[in-house]
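My questions will all concern the structure given below.
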């Protein structure tokens, strides 16, 4: 289990922007697409919440997180790809842990684990989903088993 | 506090039908309308649940309860007013309490209370929402206060 | 298809207030009423989100958007009509598109379409729900068909 | 706008099975994968609902629809890929509309539209999402515009 | 890591009953209590789903699973402790895995792990939540760490 | 019905902090525990919302409200007890009503009622849930009946 890229000293407690849009006149089908487009354009996070809107309408609250200088691009996508007539936003601070990537060995090959580090202490160890998924598919094993092997390898490394 | 219409001896443990539709390509705006139309056409209940569908789509599960001989009309409305290509259904038994309607006096006038009765015992006493709302509007008092007066009148009547 | 009222040059990127209340001791029945009352009193938007509160309680998060000088009235309604003991709020900026209203012809008569305009470009064209609904009811046609006719008329007008 | 494959006379009002699993000890990350695996294995539909479980746990209700002779395979996937200790199921009838696929022309090329037909009448016309998405990506236009063009072409064809 | 009680050969594919109640006039506060009472009275599962009901009401769908001969007790609790005027139910089959309880050693003492077994194969290994929680509290360690130790012990035992 | 402790003149319109975490790789089981731990450590409120995250993942948005000087402790718990790699936060103002506690008599003994007071007017009267629950359990009566008696006693006291 070796250190993989050097620790990534991100800025911590960064200023970002949360944008919000309420949607009650768009098919859900389009919203799956909108999420992808926003991530591709650099949104740091995008997520939906089911909401109850006026006139008995099941709606969706779209929330996204981005950097201030990315706001115009986000606005443009929201105007073009959704049906909204308005966009709300407010500043939000993000405390982001340092991330470090390590490799652990499983019987199906090495898998990257993203570690979350705060003040030098490792708090999180998340196996990379896409790599685990690729192995699960290739070797026809449950995804659950792949994660278990990674956790086991992490435990042995301690 | 007098007995209003005579107790309503409904059939208990009745056979009914639950119908279900998954929707991911309809605007929420239409769904508010669809609910009204279904109730008007005799649905015994209609409600929506937010669901997570394939391809990251926030969808809506429409569920409705109706009598077997009302199914064709419900199907027709669902085909005409929603975007679905299929409708699921299964039999469901409903244990319905007997209902009795009484009148209680408040300082703003009499209000109907729907009582739920099982084996002769009163389990529920629900002030009629529309009447409470009308009084709240007419007298410019909080709806909460209207309900409180009804509960108080019910308590005194015991 | 003629321009109806002249474009409405609203202030863009306006300062507003988001207010929030967590509710776990109010019947859902009252919340339908509360939403109406808040809109009538000038809330710019009101919506509910299902939340998981302490002690296994399914609760509701009420969110509303209003102008700063409308806050006192909103607070008063929330105190009077809900069961809350506290109200949270924070400033939020709203980027609102210019709105223009046009009329399009359908076989059932003219219907208003609200257009959302940004930097002179039309991004949204939303048929007015209440007018479409009225026509659907009057002519006994699916709401879906009414919207389709409006979209068709908009397409021809291009 | 030509008829594409001949109408597909599916069996209507088919007997199927709804399976259900409550999950409170699985990461959401795995559930995205589980949905894909179930669809690939022939589930007719799979969707998630957020639920409130005991001990204040936000859980997920997995529901799937399949044919009776596909149940064993579904069970096996659920046991292998989720953390459940039990699976519920019950018979459910599905009224499925006949489907017909037509092609409509847009300025970016032909797009398939799936039509839902009941007793010879066309109730639904759904542009194929994947084709619209591919065009939106390739031509760098909003998905919304692609759908609009399809609706317009459908209207002209009438 | 020893086998703890002998495997529990439960009946598999058992006939049970699902009961459902829609609630729009009950405070969430009471529902936390109702869930506990139902579990204490022998419900096999109880869970809530947020639903959209008529007149813009955020409601709750209560679902419970019980044995047929437990239905009367469930009905009585639902009538007494909620505000419902009706209860729906239908038969449902439950495929329940065999359960076996094993003990694994951690540095804070032994912890029970519930195993889910199907046709002799172990599919699930769930550390007992209450025991992990008790250790987390007593030793002032994150619950996450306790689970990790259990998983590690399980891995070594293989 | 006597005044119990003297009115509690809390600071009104206080500055607080809302913290938010998106979670898609944690079992729901742990989240029940996390909520308790956060309350015990002094969070003023904690609640969960179901969200739709990327890659079809049903996730959970954890929101908490705390005082500025309690933030570090909250952060530490979130890092230790959840799987998050980041925490968002922003300032929020809380308008909190004055609270006064009174006692009312029921046939099962006295029960505390929390009153919410604004500018000297009583807006809310909430029976203390834990006391009502204890009486319901001890005397084997529905919780609903206990609340009804309290409301009745409050009405008589007016």
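Per-chain numbering from 1; labels A, B, C, D, E and F assigned in written order.
Assume a contact is a pair of C-beta atoms (placed from the backbone, for glycine too) under 8 Å apart; a residue touches a chain by one contact, two chains touch by 3 or more.
No experiment lies behind these values; they were computed from the predicted model shown.
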| item | value |
| --- | --- |
| Touching both chain B and chain F (chains) | A, C, D, E |
| Classification of the chain D:chain F interface as same or different, half of numbers criterion | same |
| Chain pair with more C-beta contacts, A-E versus B-C | B-C |
| Chain C and chain E, separation of their C-alpha mean positions in angstrom | 40 |
| Centre-of-Cα separation between chain D and chain A, whole angstrom | 25 |
| Intercentroid distance (Cα basis), chain D paired with chain B, Å | 30 |
| Residue list for chain D, restricted to those that touch at least two other chains | 25, 29, 35, 48-50, 52-56, 58-59, 80, 83, 90, 129 |
| Of chain F, residues touching chain D in the complex | 23-29, 31-32, 35-36, 48, 50, 53, 55-60, 83 |
| Chain F-touching residues of chain B, taken from the complex the two chains share | 50, 52, 54-56, 58, 148, 151-152, 155 |
| Residues of chain C that touch chain F when the two form their complex | 20, 22, 25, 49-55, 59, 61, 75, 79-80, 83-90 |
| Of all residues in chain D, those that touch chain A in their complex | 29-30, 33-34, 80-83, 129, 133, 136, 142-144, 147 |
| Of chain B, residues touching chain E in the complex | 16, 18, 35, 39, 45-50, 65, 90-97, 99, 114, 116, 118, 123-124, 126, 129 |
